[in-house]
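What follows is a set of structures to go through.
Across the two complexes that follow, chain A remains constant while its partner is chain B and subsequently chain C.
Then we have the complex of A and B:
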């Protein structure tokens, strides 16, 4: 009977396996395979009859690396800004608000997803234009004198990505905050901790899984985003996803594009590992520093 | 668990004797192999063949064109007159379209394509286009003679000219003094009054042609020394002043985002006519030369709705239909007598639709040369250094 259950479970996971094989592993393997190829002539995007690491050399020599650092800066800043905005908001929504209103607020957070990603981003282009709404408002209240000069800068891209990815940060945070047991906060207060101490020593450590998944959900797609930068970035706010896309579309050099994509994936993974390692290190140091000896000797 | 279950939940369409032997693992493995094979199959050389004409229009037509290029009124009229459902998809560059058509080897499902002239010989050489049947396109007689003898397709074997235009620049007269006339003026303004407010086309040939035009070099040059000089100048002297790269910067004009924009003549007309303050804008056909591009109607290899495709191309060559296209996208077609008809229809800004004859005489059609890869890498360098 145990074996039978196992078999049933295995068959239930079949769609997942089929999906992974078809739509993740096979295309990914093809991308890696193409990255060792080359572009034989103007009309052929890739050929793999001679394999080499040359494309990776071209990736590291070309404009990829400076673009990668610029993108990393936008992505890390964007993730941090999303976190700063989302933590208080998600906490308020999950803890402070009357539970009757929570579904409505949650729905409001999701409303932007009803509109296409591209259309929302173009909306910002209209708002941020020198003759746009933001310019008029800032001039009217006297913060600004003359047309707003932000469209097609890195600042516009930064604003665009925070706007586009914020819900992806709010949702996991809301879920963890909502599941926290209120009695823990009460206990913390009873033991003499203030509001801030309670928040940072009790609530935040319990919410860490949500914070981590929120940061990953925002950071990883953000590193590959090229749409926001294409619409709002202009010449100064370009991101690395745009040069990968260019190789596949206008330059028609799939070998180089594939090598760029693989390099980008490797670097993103590396960044996530480094940040995770740093985080664990800091946490270990803090725990050691805060170590509390309750004085119960064995 | 009262219900009886078959021991193996995999259902297959196979001989009964075989079915018993197909395990889940084998099935999964089979899927993986089929998946890989079908993906790798994209690279194989065999091409699906085009359906043959039978005189009866098919009920459907799939057109693959540039974004927002055909007049929807014309598409609707063709659909209603012939009872043919027309599906129009769009691409943003010739390369993108060719990649899709090339990769699908005749199974893309598209019937009519709109490549630019200089890409036609390569598409023909790689078997991506089918020959047109002239007996099904009587309106070919409406073409101006110049458009039946284009170097990339003499005699209209594979293509029919659709729309043509040229490249120039628009500038905001409230921000820029003087009356620029040449590409050298464009470079001077970009480095001067318009610095930081310059938009370039996102196209390797066009960006390089600014430098070649200013220096009096043939824009189709493949001389490595010229290309090196272009790269050095464009990355160091022009790139720092550029704010954006956009192949259709009409919105940037309407929203007054830029002072100086490289753009196509028809797009400039479209932008000016939608601007609240059209008087502040002026368009220049720069000296000494610029691109003369011609987009064409072509029949895709592997097309399945061949009669409808020919009927559609023939329909578009009707002078009254063609002028509707001009009205919509602001570019002249290859059909004769369009200027007179445009005046009759009272279209505005005719000088932006029809470049003056002395301008047309000095234009240089872009060619696809061995320098293409180099031009792409120059554009990449310019974009990395821009802003």
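Then we have the complex of A and C:
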């Protein structure tokens, strides 16, 4: 009986397998295949009659790597800034705010999340323009003299990135902070630990799953995003995703583009594995350092 | 619990919280305000009026783009919710440690972490191959292409939301139904579906908004005549942004907020507390 149910369950998932294989993983496999090919002439995008690793050599020597490092810098800074903003904010929402107001505030955080990505970035373009609102305000309060010169710079891209991905950091953190048991914090305070000690040795360790998933939710899409950069960074805001896209659109060099895509994908997968390993490591260290298991399983 | 009303740290946190909300809403407010700009360019404020709304309404290109996006959103949401519900049910009911379930979860997770640009560049040559050499001319249709790529984007999200919903549920109810000789289909329809319903509903909404929001993948596969709204907006970036874009965005924002309110109300009614509604809606 049980065995038959299991077989039904497995075969139930067939349509999902079929979709994934046909529309996701075959195309991805094709890209890996293309990455070993070459561009034979001006009018052909790819040829795979001779296979080599030459395209990967081109990736490592060409314009891809500097762009990759620039994108990585923006992505890491962006993730860190999101974390710095989201931790106190989510903590405030989940712990300090009156429980009656929490649903409303949570709904408000979701509003930008559900506004078109491109349009809210365009909103920043309007604000940051030399004749825009930010410029007027800064001039009025005397911080700035003359038009604001931030649009189409790295600073504007960084701001836009933090803005666009902040809700993705806030939500998982809110969920873990909300699930925390207040009596643990009180116990810690009663046992003489100060506010900060309590926060860092009771609250943060239990929030680790939320921190890890928040960082991944921000960092991963950020590495491939080039919309924010093209709206706020102009020509100077090129991100690695754009370089990859260009090989398939204007440059029509699928072999090189495929090698770039595989490199990017490998990096993303590696990041996930490293974060997962770090998470397990940190949790193990924390458990050992805390001497006492508070009995909260995430 | 002791309340320290005048605690400076609490006050600081509250001020910070309000500032973050201002930050989160600033560009959205700017878009709403500038949708009433009567000037020709979005960023150059002229005077207050509804000109942008009437121009957007009378612009057939904008109308087509919005229609394409809405139809794609509904269709992609239907397809991905159907597939995702099946997948979510199968994963939630899999024997712990079943190898197929592990592999399927991993594959779905890979689709979640694949950068959109890679989804775009990989699906385009494949669709071209299928449409020309493969003889599957249906994939040359712009709408079909958009529905395919948006279904792939949303499939994992829907599956995981439905699975999370069913995992907490009592499996014995289904077993009881089986013992009472309910056939698998009736068991699915009368027991599993009602249990999974809030998750399915939330998943469908997520799929719809993912589709409506998607620019990068859609820009790769789009065919003239089927340009979705975000791709249209992205195209106007280079030639100059007009207040019409803000006007349409404001209308879409209001529609999204209404949809969100409906979903929230439905989930609340099905007995969830607010935190689990939030968790369901965000796939946690």
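Going forward, the second predicted complex is superposed on the first by the 249 of 298 C-alpha atoms of A that agree within 3 Å, B and C clash if a C-alpha of one lies under 4 Å from a C-alpha of the other, contacts with A are read in each partner's own complex, and residues count from 1 in each chain.
Assume contacts are C-beta pairs under 8 Å (C-beta built on N, C-alpha and C of every residue); 3 or more make two chains touch, one makes a residue touch a chain.
Owing to the predicted nature of the structure, the values given are computational and were not obtained by experimental measurement.
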Contacts of A:68 with chain B and chain C, given as first, second, both or neither: neither
Partner chain(s) touched by A:38 [first = chain B, second = chain C, both, neither]: neither
- prompt: Does the superposition put A:172 against chain B (first), chain C (second), both, or neither?
  reply: second
Task: Examine A:115 and indicate which partner it touches, taking first as chain B and second as chain C; both and neither are also allowed.
output: second
Field: Partner touching more residues of chain A, whether chain B or chain C
entry: C
Task: Kindly classify A:261 by the partners it touches after superposition: chain B alone (first), chain C alone (second), both, or neither?
output: second
Message: I'd like to check the shared interface: which positions of chain A are touched by both chain B and chain C across the two complexes?
response: 10, 17, 26-27, 30, 45, 125-126, 129, 131-132, 248-249
- line: The residues of chain B that touch chain A in their complex are 9, 24, 28, 31-32, 35-36, 39-40, 43, 92-93, 95-96, 98-99, 102-103, 122, 125-126, 202, 204, 239, 242-245, 251, 255-257, 368, 370, 372-373, 376, 380-381, 383-384, 386-387
Field: Residues of chain A defined as touching chain C within the complex
entry: 5-6, 8-10, 12-13, 15-17, 19-20, 23-28, 30-31, 34, 45, 85, 88-89, 91-93, 96-97, 102-103, 105-112, 114-127, 129, 131-133, 163, 166-167, 171-172, 174-175, 178-179, 182, 186, 195, 216, 220-221, 223-227, 230-231, 241, 244-245, 247-249, 254, 257-258, 261, 264-265, 268-269, 272
Query: Contact residues on chain C for chain A in the complex?
result: 1, 9-10, 13-14, 16-17, 20-21, 23-31, 34, 42-44, 83-84, 86-87, 89-91, 93-95, 98, 100-101, 104, 107-108, 110-111, 113-126, 129, 148, 151-152, 155, 159, 178, 184, 209, 212-213, 215-216, 220, 229-230, 233-234, 237, 241, 245-246, 249, 252-253, 256-257, 260, 264, 274-275, 277-279, 281-282, 284
Message: Going by the contact rule set out above, which residues of chain A touch chain B in the complex?
response: 10-11, 14, 17-18, 21-22, 26-27, 29-30, 39, 42-43, 45-46, 62-63, 66-67, 125-126, 129-132, 147, 151-153, 234-238, 243, 246, 248-253
